[in-house]
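What follows is a single structure, written as structure tokens, with notes after it.
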Amino acid sequence: MGGVSHPRSRRVSAGIVGGSGYSALELLRLLARHPRLELKWIFSRSHTGEPVASVYPSLRGVVSASFAPVEEPAALAGQADVVFFATPAGVAAEQAPLFLESGAAVVDLSADFRFRDEETYRRVYGKSHPHPEWLASSVYGIPELFRDELAHARLVGNPGCYPTAALLALAPLAREALLDPDAPIVVSATSGISGAGSQPGPAYHFPGATENVRPYGVPGHRHAPEMAAVLGRLVPPGKSAPVLTFIPHLVPASRGILATCVARPAREMPDEELLERYRRFYASHPWVRVLEPPELPQTKAVQGSNFCDLAIRWDPVAGVVVAMAAIDNLVKGAAGQAVQNVNVLMGWDEREGLEVVPLYP
Amino acid sequence: MGGVSHPRSRRVSAGIVGGSGYSALELLRLLARHPRLELKWIFSRSHTGEPVASVYPSLRGVVSASFAPVEEPAALAGQADVVFFATPAGVAAEQAPLFLESGAAVVDLSADFRFRDEETYRRVYGKSHPHPEWLASSVYGIPELFRDELAHARLVGNPGCYPTAALLALAPLAREALLDPDAPIVVSATSGISGAGSQPGPAYHFPGATENVRPYGVPGHRHAPEMAAVLGRLVPPGKSAPVLTFIPHLVPASRGILATCVARPAREMPDEELLERYRRFYASHPWVRVLEPPELPQTKAVQGSNFCDLAIRWDPVAGVVVAMAAIDNLVKGAAGQAVQNVNVLMGWDEREGLEVVPLYP
Amino acid sequence: MGGVSHPRSRRVSAGIVGGSGYSALELLRLLARHPRLELKWIFSRSHTGEPVASVYPSLRGVVSASFAPVEEPAALAGQADVVFFATPAGVAAEQAPLFLESGAAVVDLSADFRFRDEETYRRVYGKSHPHPEWLASSVYGIPELFRDELAHARLVGNPGCYPTAALLALAPLAREALLDPDAPIVVSATSGISGAGSQPGPAYHFPGATENVRPYGVPGHRHAPEMAAVLGRLVPPGKSAPVLTFIPHLVPASRGILATCVARPAREMPDEELLERYRRFYASHPWVRVLEPPELPQTKAVQGSNFCDLAIRWDPVAGVVVAMAAIDNLVKGAAGQAVQNVNVLMGWDEREGLEVVPLYP
Amino acid sequence: MGGVSHPRSRRVSAGIVGGSGYSALELLRLLARHPRLELKWIFSRSHTGEPVASVYPSLRGVVSASFAPVEEPAALAGQADVVFFATPAGVAAEQAPLFLESGAAVVDLSADFRFRDEETYRRVYGKSHPHPEWLASSVYGIPELFRDELAHARLVGNPGCYPTAALLALAPLAREALLDPDAPIVVSATSGISGAGSQPGPAYHFPGATENVRPYGVPGHRHAPEMAAVLGRLVPPGKSAPVLTFIPHLVPASRGILATCVARPAREMPDEELLERYRRFYASHPWVRVLEPPELPQTKAVQGSNFCDLAIRWDPVAGVVVAMAAIDNLVKGAAGQAVQNVNVLMGWDEREGLEVVPLYP
């Protein structure tokens, strides 16, 4: 039950650009209890000057700050050691360099810095990147896969929620070139509706969303090329990763991603071997829990926390492995991972400020 | 908006064995409005003699019958033209022959008569079948796939809820040998919790089930060999069907199955061709709705109804087709399909008694 | 199990003004199976000319009509025997007279014709009524309370969902002057979120609405004066009704109102007497089910149906009666009651077209 | 954003009797992060010797303890400074004295020590108390109302979830004798289903519980006399409290109580006066948030936290005040309040170990 020790000295200051969505709310929730990272300012064009707690009733009595009384985030450059972008696509691409040049580290929760080459970005997002010169130095922010690079990073492309779950489920096989490159990987995943953001819309209106399950964005969801690109980096040099199809579904829950990944391994893989490989791969990573059979992941067991729960099974009839991952899309899939990335950047214990116990039931 | 015409003459009498679960409740709901099929008796060991409406408050003022005041279903043999078994595994295998011999038609909603050969039954259910002599003459009850056989059947093995959805999604390709036999099919599906029955249990207790998504029975769910067996019958003689892996998930909804099936076709299949094939295949089947792009199925659009909504897409990146089906697991996945099977057996319009409009939102 | 017999002759034609909300969708669902009332046209400014089924996926294969290809509802005057208004406040007040003058009967699901005197309307809705001359002849559309007047009505003010539930719960006591006029009635009610309409908004966005219960509009919800006004008509001449406070709450469900009404009776009222009075009061009303103790109402037992389930208890400690009502807010609380009102107007069986069995579970 | 400082010294040891329910799970969640209170042992007859994390998957990687390998809790007497009873009714009444006599403080989350006199206990629970000698010295554990007594208590009767919400909502008026003693108070409340415990049962089975709202225990719920008894202690000597009726409802949520309390005040009470009184009453209590109009409480804004959110309104039409409270039934309504009580007993900051930020959305 020990936990991280919490010296209150040497606090690092943090700013948040884009304060009106769920990722910002989660960042606020986590920073409120982070022993080393302190909210310095938060910017939202739609809430300039308002008390944070009047926008987010859950934070009343917890966060006393107000949204920065400025018109443009640029006015805040130089006023925080770390800047989180929790903004729609395109904003960080434009504005992150300003903060980087002022000496801050930047963690971008949008997709603007997730691709290393501009061409892929352009293909997926349909426009050219305004600051392609920063792409090469950005690091994809899954600490369990890229910890060493992140330790020296200044700019982090915080991953999408689906890719986080799918890549953690597939990485131990990909890293060892154990996936048959000729068989397509199938990633079928469900997401709680908070994954679609805080903006109301017909598909997220409670009466139609409750008691409903629906696939969407099939094929062509932007997280598919993100998964494929990172998978390609995970396989050993000279090897190629399998192609991948991705089918996301909305389910009637607020939070939680369950990613079910099916792949054909290069050879038969009994459960014991799979389990042993996964255990070893994640042994030094406090936020991944490899479950003991017969346990399978469930999204509620990680609710509100930074954990990723994993299970892996061999299906002898179909000759495939089934890797299943559960995360809270707003924590390990967004704000929690962003804080974890800062912990790595700063050389702190990866658990700092993230020790929220999952809320169950 | 017309609908079926409803002559009230020539009613056929129906009995239900196993009256304490959701399938029985659904049968009661549907029979209460069926113009030709009339409930004669309902048997439940746990409710002998009780008024149906005292067990099912939703049926107060709708169903005035009581559970049969007898100790054993055998006492009711000969007293109905059609007998539905909505019983746990093993009961129909024992008792259906009694009713068949009395001249009744039998629709078994359990798995006892879904396999044609005893060996498969024994392998999947781990015991020998007490009446294997009836297996060969039983017909698998998906009218869209086996209508001609059903028209002459006396004994129907009503399909599992997951196989209904997956097989309707895959049949148009399987029938024409358009599935690559060397690539495993992946069926990833979600089910509302009513699919697990009306018996309370820890995994279905509301506090832990709400806001939760969890896979279960991976691998080895009994519906996987059921799908595989029927798929094998669908492919043309001399061709073989691909192997199949099946991953079911519980989602926080009462009703609804969404089956997402991924398969590699024998050759490239543009969306227009797929759509055209599916439209043609289901043209004469009133309970399958092939959706026009960009529409995708959603379980709530079929809630409470006998519809199966289908969509199919080609993923050019992974070289696979994604076929998605939505059904109400208790209707098209159980009681509704049972009634539809009776309609076919009796030579009635397939829509008789099933014209419940989906309840949305 | 019999039910209404369904002669298909002598159909009456119906029009719907305001076709883009949940009430319209419910009217479409019910009319699609009504044996005597036939949809002639439906008007929606936002869907002119579109097929109904493309707007409401649940109705694909059920409703083949399209929205009227006209710019203004006035163009449709004279083209239907009955016109339903399912429009925002103010529209029916303006346009209903046109249809009334063309000879049609009008059932207004908005609040425009629920008050008999213009003064109350003006006080509650904050503006003057454009056609006050029609207010006196409008009839408040709860058939269980005003059947005789409705039988001769041409214009029906279809009640609010909360007032329907609360008034049915309180009427048997009010009619007999059995409520203590000096003790305020407390109506505390919960509503599924469909009661707020189909328009997305922050309070109805799934992530914030699930797992949430919240009161709203306290005090001052517009349904409070509606309840008070009708309660005043129910008490015998010369008697006065108690004042009333109303606290509505949003709960994480799509449908269903549960109204809990607490009142001090004029004298002690043992449970048996209460039950007997309620049973007698509703004996000839097929859509009210007075529950036998110990049963209490639950919204799911009426889901999708026109039933109102009632229970009543005497609390000897506090000296109050607790009357509880459950309805489906979109059916008995809106579209179902509207159809029931037409049935009464036309002299048909009140059950015509409404025999949807509640969907449970 | 400061928060409590966390010296890790001088830890107090805690034991939990009754480890298989939701209250125990919540105690474990909170103790895992409490800087001064340390889990020493946990006892559950059904899990003897098992690792806690194998029973509660959410605690894997968080709690490394196992259930005590003993047959009876008595074997653990003397081994903890504080003992929580999270047991069914009757267990603490039998066994708490053993632990008290060993020198431990006891916080009983069941109802065994909530009543001061045995007669009321016997009337409500229908049996005599095995250790009535301890009743007089037990203190009712709402720190906001009985902080001084709690500071010197050895035995705490931790309140019911409904009484916590209702009493916090009514206390500022009761304490000043501002409630009209002649008008009954109406407490209408909704609870998430976790309030019924972790034991599965038909009313809590997901399919029937989702999309359902139902009153229960009307009249006669055991929390009604608990509220009445404590209300009687709150009014000034010589004054009497009004009688009270209580109507609880189950709603489709895991957590959260919303209590709506309606009372007639002794005189007119404009909103500003009410708000000012409530603000003042709770000024020194960190876990009560008195909301500024127009904000009203919502259960999700306190989810997972120890907050109680309150709003109060004057209804000039009915001449009543409406006081609304939202709590998380498992935290402020059970385990959180128990920890808060220990904080008070120990003279610690009341916030110690409870600073979980509400989980929204």
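We just call them A, B, C and D in the order they show up, numbering each chain from 1.
We take it that a contact is a pair of C-beta atoms (placed from the backbone, for glycine too) under 8 Å apart; a residue touches a chain by one contact, two chains touch by 3 or more.
Nothing here was measured: the structure is a model prediction, and the numbers come from that model.
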If you take the mean of the Cα atoms for each chain, which one ends up farthest from chain A? C
Contact tally winner between A-C and B-C is B-C
Taking each chain's centre as the mean of its CA atoms, how far is chain C from chain D in angstrom? 39
Let me have the rounded angstrom distance from the C-alpha centre of chain A over to the C-alpha centre of chain C, please. 47
Centre-to-centre distance between chain C and chain B (centres being mean Cα positions), rounded to whole Å: 36
Could you say which residues in chain B touch two or more other chains, in rising order? 22, 192, 194, 198, 207-208, 210-211, 252-255, 298, 300, 303, 360-361
Chain C touches which residues of chain B in the complex? 1, 3, 5-6, 8, 22, 25, 29, 31-33, 38-39, 56-65, 194, 198, 210-211, 254-255, 286, 289, 291, 295, 298, 300-305, 307, 309, 355-361
Contact residues on chain D for chain C in the complex? 183-186, 188, 190, 192, 207-208, 210-216, 218-219, 224, 228, 243-245, 247, 249, 251-256, 258, 260, 262, 264, 296-300, 303, 313-320, 322, 324, 326, 360-361
What residues on chain A touch chain C, complex-wise? 22, 192-194, 198-202, 204-211, 252-255
